[in-house]
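The same subunit A turns up in both complexes below, where it pairs with subunit B and then with subunit C.
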Partner chain A sequence: MALRVGQYALVLAVAATINFALPHLAPGDPITYLYGGTEQGLTPAQIDELGAQYGLDRPLIEQYGAFWSGLVQGDLGISVEHRQPVVDVLAEHLPWTLALVGVSTGLSVLLGTLLGAWAAWRWGTRRDTAAVLSVLAADAMPGFWIAMVLIAVFAVQLGWFPSYGATSIDASGAAWLTEVAQRMALPAATLVIASLGGFFLLSRAAMVTVLDEPFVRRARAAGLRDRRVALRHALPNALLPVYTNLTLALGAVLSGAVVVETVFAYPGLGRLIFDAVTVRDYPLLQGAFLVVTVGIVLANLVADLTYPLLDPRVRRARPALEPA
Partner chain B sequence: MITRTLRLALSLLAVALLLGGCAGGGDRGGGADPDRLRIAVQKDFGPLNFITMSEDQLLFLVYDRLVAPSPYAREPRPWLAKEVRQVDPVTWELDLRDNVTWHDGRPFTAEDVAFTVEFMKTAKSGTYTHHVTTVPRIERVDVLGPHRVRMNCAFACPFLGSVTLAHLPMLPRHVWSTVREPNRHTEPPIGTGPYRLVSYEPGRAYRFEANPAYFAGPPRVRELVMPIIPSPATTFTALRTGEIDTATGEVPPELVAQFEATSGITLVRTTPLQYPEVRMNHLRAPFDQAGFRRALSLAVDRHELNDTVWLGRGRAATKGYPHPDSPWTNPNLSTPYQPDEARRQLDALGFRDTDGDGVREGPAGPLRFTIKVDGAVPIRVRAAQLVAEHLTEVGIATRTEALDTGSLASLNETDDFDMYVNEITAHGVADPTQFIMSHYSGYLWELPDRPYPEMERVIDEWKAAPSIEARKAVSFRMQELFNSAPTAIPLHYPEGVLAYRPEAYDGWAESPGYGIVHKWSLLPRPVAEAANALTEPR
Partner chain C sequence: MNVRSRRYALAGAATLATLGVIAVLAPWLAPYDPGERVGPPFARPTPTHPLGTNDVGQDLLSELIVGTQVSLLVGTVAAVAATVLGTLVGVLAGYARGWVDTVLMRAVDVVLALPVLPLTIVIGVFFGPGLLTQISVIASVIWAGVARELRAQVLSLREREHVQALRVMGAGGVYVLSRHVLPAVAPLVVPQFVLATKTAILLEASLAFLGLGDVTAKSWGTMLSIGYARSAFLTDAWLWWIIPPGLAVALTVMAFAVFGYALEERSRPALRDASRPWPRPRQSPRPDRAAPAAPALLVEDLAVHYRSDRGAVTALDGVSLSVAAGELVGLIGESGSGKSTLAAAALGLLPPAATVTEGRILVTGRDLATLSAPELRSTRGGRVGLIPQEAMSALNPVRTVGSQLAEAVRAHRTLDQEQTRARVEELLALVGLDPDWAKAHPHQLSGGMRQRVVIALALAGDPAVVVADEPTSGLDVLTQAEVLAVLVRLSRELNLALLVVSHDLPMIERIADRIAVLHAGRLVETGPAADLLAAPRHPHTRSLVEAAPRLRVRVPGGPR
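Moving on, here comes the complex of A and B:
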């Protein structure tokens, strides 16, 4: 256990270093965005002076040292674009992404798995073929296109849902919750449609295999009802690959859904990162990448720790795999 | 059984979504509330610290200028000043209004004016600092009384009343004198303007409330909510659904026809004082030769660009630099398309195709160049491709290279380019003093480090010109000189198309350089007209 935690700590340290280096490797800096550059009348000397105010004139290794020094104190610096502490900006945007992508991932898993099991139960029938074709067609559609179709139908034509944002600026209490739910409906639906396919196919394939297992045949032969056989005996055994896929997807939750957040002007982490790249907002990029990295590492850690609980074969196999 | 469960789950989901959708309208709907307007803005401009790049349309809801409405208007009028008079070529006296208060209730006085000018000298604001340190250079501000100041310039400053003072926002001394790091100041701005910024949510929205004590009378709309919506497609969908009432951004060309046919939405055609241009790297051979740059300008077919890329919306940029609709631009400028003349001039400069491959050679080898362009703006990519074709036709092999927005912005400072397509704003192409400053800052030239004797002579004349008319005459010659060997080639003078929902508010009107969303649209019409702030309807 300690070894594993150490390994993850090392991965985090290396990832944090890469996160620091990547934004600095791209050409440009935030000064032009912030102050307008020579086009607006700043001279090169003034631009250099402004860069110095943001510490951009310091050697990269010194900036790297300052980055780690701040990191260990929980200080990720000040966002150049928003002129606020990075921690505050992330705290403002992270919950929206967690809510949006969390809800949509949960729905994708639930619907994809159940639909996959349903299709597997009817494997080879017309219904199965129709389900596979429908889900694959949805899976092949780009997220932004799904978003535009949903907006055109449900926001413009039917007027059921708002087309942008996460909430209105002055809503509060129950009205705020209603606002949030309404505004989340279309982006979440977009993500669900776009990501349903993976879970559906995994669930269907695993279920088809499990349904052929002797214990399923025996359960059927024992006269158990189809529903009980499917939900109590077959499905739990088919969930392992779905669970693996889910843990990987959970890591990606924090990186948000850039395209969907942009189309719906949703104030999540994905759009924040996209804007920060344009502005070359180094502190914000480093902070956001760090959050994403930590999310992915944690998801992997959770997967590592929980998989043996779900699959006893992993527990039993381990001693045999370890060197003497 | 599973079928039944699935049906149930799907039915529940559908019901939940329907209930959610029908459970109330939030702040969407017809927008009939006359007290509030919802205006989409495309970018997050931070907490409106004037030192950094902010949107004037938002900033000057909060702040006022001594002279209104802006340097881009033909005849600006005194605003926070009651009277502005030039005493001699280098001296101005201003009488200020005595009924103006800051948003926190403190009175606006001559001390604030003197402080603002001194503060701007050290503020390092790209937009404002040079107006007090370089062109013009305000050496001293004397407070002659609670509401009277005198300004002295280092050289003649006939534009002070109509350009400089029509540009600088007035700052409260009691606030900014205590700010230790002005560049990082994030408190809500305190101005004298018709609106107060009461809420800023990073990446999400701004909210302004009317200043009931505004000296020119309270604005017509009590509250402005401005959601930040970067995508034009999302913005104009929200306008169509009635979730917003208007937007600061322009309607994309592909949506114009659709919006023209949409009831409940009105389109306004404006003249944005900005344009896309190809900037040449005059530090790099052979762009360092005036004749070479002239030949390039002759080779670009602006009419084809206007017709093909911009579908005829706007005008071909055949009048060069700066913007022809600025009151400070020589109306007789001409930058024609003459490819044969371009070929002749290139031949005369010694750039000839000696090996017959269609590409001219110079002392450093074949003329092969790259035009860099922002890959996120397809219309500019297409323009760059067409310009590359035009140049290739006269024997200058040119290709385009798409960059991300951040990398393209860095070219301004790194000089790592042959040519690139940039969108330049009103401050750059409609402010006559910025045209001079761009020759010092490195954008159009790098004076004094990089000599340009001909231009320097004209600038010296410009500095000595004592009156507006004399200075305009010199400005016109300076513009002719620039266009004879440009370092930036305007490609297209765009037409702006803005849209709003008239049932929500019908008071929108264009102000030069600012579209329709600005404080003048929100003030009683006689007030805006008294400031000469509105463009005649087109």
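Moving on, here comes the complex of A and C:
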């Protein structure tokens, strides 16, 4: 466990260091990246002054130290576009992404895993092949394209769902919740379609392996119903590798969220990243990248900590269970 | 590679070849120069512009055709770079091991944990849009997956005997690596490359969509980006402006995915040979029930064939065998003799590739072939129980012993919670285990205890017949004797018809009343254990008896 925590700390450190290093490595003046530069109407003299003010004339190692001490205090710089601390801008948009990504990941894991297990149970049959091919097809479509097609069909042509935003200003209470759910439907559907594939293939492969285990055969030999063998014996074991590979999946959903939120004008981190790219708001972009990385690391940590609930073999040794 | 995955590989490869040809011939195939204004802006499809025009009047069909070039170029070049880097790192880490491995794999883990698209965006933005940036950014995030996969392959390769032998003989690292490891890894690199290309093409589309592509060289992603910016998806134009490039991306990625999937299925025997669903019981119009005096288990003239790539293989041929209540019959055979097939057939659990071509199996007088699916299910466990091979893994590792026993009990009887608990305790006591063990998980039990639980599970439905397939495999000698003693005692106490299948003649002769010898799918000899051992008639039996070590350990309760 300590090893895993160290690994995660390393991931965060590398992500932060990438953030620090990029403005220095990329062609051009760091001030341009950090504070907008001449495009923001700064004169060369002001740029030099800013450079001195922010310690850009100091040795790199000192700057790195200052960067870390700022980071620890939650200082991610000032957003050029929003003209307020990056932390505040992120905090405002984070809840929407958490909600969207949470709902989508949940659905995606559930559907992908069950469908994968279902296909494994029918391994090699026509239905299995059909499932694999459909999932590969869904996996092959770019998320932003699925988003545009869903909008064109369900929002524009059929008019069933709104095509943009996360809520409307005038709604409150239960109406507000309905509004939120309605507006989340299409983006969430897009993310589920785009990220289902990973879970499906993982769960199918795990299930095929588990179905070969002697205990599954023994359960059948005990006269259990197929459904019980599948759901109570094979699936709980097939879930283990799915659960430990949450990283891959969550990364996919979050990556999808960037483009999908953009198309749906959803006020989350993804849309924020797109806007930051468009106006070249470098500090905001870096902050968003860091927050997304922290999110992934935290989710993995939770998965690691809760894994023993699924697998009794790794549970901490209990008081010896000896017959009286 | 089986027929189906070969067909998929072919379909994928054909699609990719077509796309490649389109990319190369794009300048000649495209009706117009995609950079020229050739019509009015936002034109609907017409015969001269089958996909209409974009916001500045450029021909969309020409853009689509020429876009193939950029999408494929970025995808394949980035994937080549990522595969080369990933292969180097993976092979080096897997082969060198030690601190080199630790350092490299830490780096790989870190890259894998970073969010792919946000990372590419951050790097892409700083280095500005452009083809080269796109390619290097994409390659820099996808190499890690390749490295991890190849390291695993090299690690398993390293343990192969011929590589180990070379190292023992003092062959140099470079020699072993270049002459023996790399050639073996090469075929595994191909599916990795294909999957990397798939990821690279999707990433390119996303980057281009976000405006980080090369604006001078339009790809499918750039087309979609402009279509999005001009809100084409909110008008009828989605049909000719948005749908075609997206489909092109999907088709390309799908072709790579299917191709890679077929290759991977070939290179991973575990996936290919894994278990299939079980067959439906054959419905044959033979309703006759045997006479009441029939033995508990009766196998009549049984023939089982397996379908394989090289035609039908006979596993059992004209096997007849009976086990009466209270009788312990040992079935002896070498591996491949068909003994496990016979055990599976007795429970109606033959793999789907197997067919019963002749004969029948009667369990307590019921012909298994005539039973409906629910009847067959209640027969399993309820009339005939199985003590499977590999008993060490015959228990579900994530559930307690008690819950598995309770489940097996309830599969055959409707009992309330208290009654079920009582029955579980009774079963555990029957095999000599304290009832407290019901709360334990399988990994907390010793091998012998687990085997006792497996026996209790086989008895949960109160069957008349129990088939034990190599019941002592994987146990040490002392535990073997213990487990055999339990089996023998139970067969007497419960008046079970017990069929013990094994390759171990000394073990069988200690416990069996009668012995049947199976050789190449045929029953060559059957008889009372003492007679058969004293005067084996068939040459195969004779050689078995002569080969067996003569060391007698009496099993309590066994035949005198």
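Descriptive notes on the structure:
Quick note on the criterion: the second predicted complex is superposed on the first by the 216 of 324 C-alpha atoms of A that agree within 3 Å, B and C clash if a C-alpha of one lies under 4 Å from a C-alpha of the other, contacts with A are read in each partner's own complex, and residues count from 1 in each chain.
The rule is simple: a contact is a pair of C-beta atoms (placed from the backbone, for glycine too) under 8 Å apart; a residue touches a chain by one contact, two chains touch by 3 or more.
This one's a predicted model, so the numbers in the text were calculated from it and none came from an experiment.
In the superposed model, A:A185 makes contact with subunit B only, not with subunit C.
Contacts of A:L115 after superposition: subunit B is touched, whereas subunit C is not reached.
Of the two partner chains, subunit B is the only one touched by A:E49; subunit C is not. Of the two partner chains, both subunit B and subunit C are touched by A:S163. Legend: residue contacts after superposition of the two complexes on their common chain; A:Q73 is shown touching neither subunit B nor subunit C. When the two complexes are overlaid on their common chain A, residue A:G143 makes contact with subunit C while staying clear of subunit B.
Legend: residue contacts after superposition of the two complexes on their common chain; A:V279 is shown touching subunit B, with no touch to subunit C.
With both structures placed on the common chain, the touch criterion links A:V263 to subunit B and to subunit C. Using the contact criterion defined above for the overlaid structures, shared-chain residue A:R83 touches subunit B, although it does not reach subunit C. Shared interface residues of subunit A (contacting subunit B in one complex, subunit C in the other): 26-27, 33, 121, 148, 151-152, 156, 163, 225, 262-263, 277-278, 280. Within the complex formed with subunit A, the subunit C residues making contact are 4, 106, 109-110, 112-119, 121-123, 125-128, 198, 202, 205-206, 209-212, 221, 224, 227-228, 233-235, 238, 242-243, 245-246, 249-254, 257-258, 261, 270-271, 274-278, 347, 349, 377-382, 385-386, 388-391, 393-399, 404, 407-408, 411-412, 433-437, 439-441, 443-444, 454, 457-458, 460-461. The part of subunit A that touches subunit B in the complex is made up of residues 26-29, 31-44, 46-47, 49-50, 53, 78-79, 81-84, 89, 92-93, 107, 110-111, 114-115, 117-118, 121, 148, 151-152, 154-156, 158-166, 168-171, 175, 178-179, 181-183, 185, 189, 225-227, 230-231, 262-265, 267, 271-272, 275, 277-280. By the touch criterion given at the top, residues 1-3, 5-6, 9, 13, 17-18, 20-24, 26-28, 44, 46-47, 49, 51-53, 124-127, 129-130, 134, 183-184, 186, 199, 201-205, 207, 225, 227-231, 233-234, 237-238, 240-241, 243, 404-407, 409-410, 412-414, 416, 422, 424-425, 427-428, 434, 437-438, 440-443 of subunit B touch subunit A in their complex. By the touch criterion given at the top, residues 7-8, 10-11, 14-15, 18-19, 22-23, 25-27, 33, 121-125, 129, 132-133, 136-137, 139-145, 148-149, 151-152, 156, 163, 205, 208-209, 211-215, 217-225, 228, 232-233, 236-237, 240, 247-248, 251-252, 254-256, 258-259, 262-263, 273-274, 277-278, 280, 282, 285-286, 288-289, 292-293, 296-297, 300, 310-313, 321-324 of subunit A touch subunit C in their complex.
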